[in-house]
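First chain written, first letter: the chains are A, B, C and D, and each begins at residue 1.
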């Protein structure tokens, strides 16, 4: 499995989130506490939206080695400042360790990253690939279940209705799995963004989903911890969604409930129930 | 495009073929004379059958950097001795530079490598992938046309009738291409082996196929060049099939004619006409 | 040998310089016209000064594969905007292909890159390393002559007097070479910057130095080519120093004369004679 | 720190030792039990002596990614059979992750690998490098303490008297360290071979050395475990020396005592006290 992090809020150098926290994502690449594997060393990726370019799409940098010893990641993190970015560290469950299997995946303005697995993906891969919109099929570059899930969601309306499309994708994966005799086809935490809002999902067929947390509103944190000066420089609406908390600050982290998705966006965040669509 | 080499005969250290000739495959990785690109630096691979193990399958080592500066390739070439091996250097036409896109591809006892391209593969990829036997589909790991061609040939009877299966694959690719308005769908030189025989194909829809050569029988070469002592240690039936000659020894190399395939095997080699099957 | 490029002027996305010109550095990685080798595929690096961070040091990203197929380089080039950056593509003359042998090298605020070689460096390496300031010695991470030249220049006063330090370094290399019976010890084009000025040197003992060019003042170019709209967005003082011209625009490129160095800096640029210091 | 393994005895496929044991070295790359770090994912290497070539030197394959996901290592391990081989997995203590920093290191017929560190190596590096025989200095390719220790031992007579040279190297490191105010300069387990004998050392200045074990004589193991059929195919004198046991077979593993070295060789093995030479 994997670990990931999604940030939205006051534009920050990536370094401040990726490296500085006590239990940062880089630390998790060696010492994950809540992951299925302690080590997440089979590649990594970051995707970010720039402040000062007129790019339609986010930038994505991915590499196949471990994040913990990657010097280029550290350099980029020291100079890239972004109001919305994703980061992911990978623990392969057998599929090839290659750049095209690293998250986040990108399509136009959209980024997608995943922790989890489609059970017996080897059995279901062909049928799920066939369900991808023909015009999108040839853009699939890697061999992961995660990328196929993204292309299924794109096929099923992601750009118009993200939560609906993810629900339809999850429903399709479960029906396909069951048709092939797979008991618990889906295990997923997913983050998804168009550069403005972030949608984060926690779901698994057997209701034992991988961990997922979100950070408290910064104004509440500031009230709890008036001594933490760095909180003064961050907007009230700054949010992190993470596979596991980046530290032990009391009051800072909340678990996303089972079978739930959240929306992080300007104005008001939200938590809602999630269920695969029939 | 790419360059490749197939060897069958007296067991040799790979080094003798890969590095020593004046215009060796390693030299071709920097200075190809007959290729579409001078440089073939987007990965490489070797596949070999061992003499002294009871392995059912050949070993395959592939990597994403250029062959010319790869120290591990040089080390392996110094110690691996084999009676039948393939080597390939890649020049990507746009698909990802990753291990799973490097040749040779392996399935059971079989190795496959390719130079050329399916024109407009992006358009045809889905339909060709759908034609792959469902039980084989999930084994496709990369994103190249070359690998899909291999799986199509496997689907169409490669293990029973190699030339027939390649002809059926070529026919399928051409029909699919034409149905999508592609004028000249196929350009290929292919090498294929089960560890005993090698089949090598030269074909392109527009009859302007990439270069392909085979070496003379060693007994003829010995008669021509009685002074070349290394020829004394090599069996009469030792053969090379190569994208371009490894040197300028007079009488050593013959072009495989257009729309032709050859079989290298114990007993008697053969050249025969090749045409896609309807 | 290698190819390199140094940019100073109106802040630009790196992409505009690295990828867009007809004979860009990326094109030179496959098709150098004036280099010793056509192919420069043994690693690459970029170093840039950010506009909007309070970093004391430039960022440096280097990798061991070829530049032409590196997707991360392309992503970074699309989002990083900088008023002063270096880029380098490497053709190894035998030393290991590893990140620590890729240029540019960094020390504090300084960047250094090199094309050329110390002749018989294997013979001279120890003596030259011993001449490096003891406190700097342990920072040498790679095994190239280029990095040792940088550390020698740092030892000999680079941070106070860049041209003087390079002259003393060149003198030391030549004396050391001659003491070991090397006829033409030094061949170099070097670029050097502190983030404000760029110094570029062209020198070789035998007076047959590698190619080096600088771009015309933008106001002159604008007068010559009033139709080129992109020139309107670039300041008069924007300059490129390059191993070979990035295109064929008449009047755009001037050769740096033999045994010469230039300074690019706010206010006034300069060309002056260069000679190793006794 | 790192983990390593040295094998001598009945020629085996590397796979049988590297992958098959319950707590194999590959397993240790993710889940070391006795190492300073759980994860050893900063590169790996193998070095082996071939049975059937007339090579003077062993082959060495090293790469910078983790061993656990390296497909080429698995392929090589399935086909290379050797009577004497080394394997090493690296956990960098900060030095660059690059091929030239991976173990084993080779010089002529000799292989060297190390687990441990010279304390404050940054402080001592220059002085230790200066102590290397000038003719050998230029062969140092990487930036590790381990490689410098090897070159010091070569300088101090390794090829004539391996244990004496290692003792002199250890003495030199300790004297140099103390001269720079380093309390406990040396921490090491080392394996060393000329292709015939293996010497393995366990030592640290503060007498808290990293773990080191050797396997029982196979005839004793056979008596203890008459049911283990694989023991019947292995010669009595086959031995493993390992950073940590490869499994839990009762009677199979013995700790190398503190400040001790062992010799594995045809005829009779030996354990002897080790002390740095004055």
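Everything that follows uses one rule, which is that a residue touches a chain if its C-beta (ideal position, glycine included) is under 8 Å from a C-beta of that chain, and two chains touch if they have at least 3 such contacts.
In this text, all values refer to a predicted model and were calculated from it rather than measured experimentally.
S.K.: At the interface of subunit A with subunit B, does the proportion of residue numbers present on both copies reach over half, so same, or stay under half, so different?
M.R.: same
S.K.: Please pick, from B-C, A-D or A-B, the pair whose interface repeats that of C-D, with more than half of the contact pairs identical by residue number.
M.R.: A-B
S.K.: Quick one: report the Å distance separating subunit B from subunit D, using the average Cα coordinate of each chain.
M.R.: Those two chain centres are 39 Å apart.
S.K.: By the touch rule stated above, which residues of subunit B touch at least two different other chains?
M.R.: Within subunit B, the residues that touch at least two other chains are 71, 96, 99.
S.K.: If every chain is a node and each touching pair gets an edge, what shape is that graph: line, ring, star, complete or other?
M.R.: complete
S.K.: For subunit A, which residues count as touching subunit C in their complex?
M.R.: Against subunit C, the touching part of subunit A is residues 13, 48, 50, 52-53, 55, 59-63, 71-72, 75-76, 78-81, 99.
S.K.: Which residues of subunit D touch subunit A in the complex?
M.R.: Within the complex, subunit D contacts subunit A at residues 30-31, 37-39, 41-42, 64-66, 68-69, 71, 92, 96-97.
S.K.: Taking the touch rule as given, give the residues of subunit A at its contact with subunit B in the complex, in rising order.
M.R.: Where subunit A meets subunit B, its residues are 95-96, 98-100, 121-123, 125-126, 129-130, 134, 137-138, 140-143.
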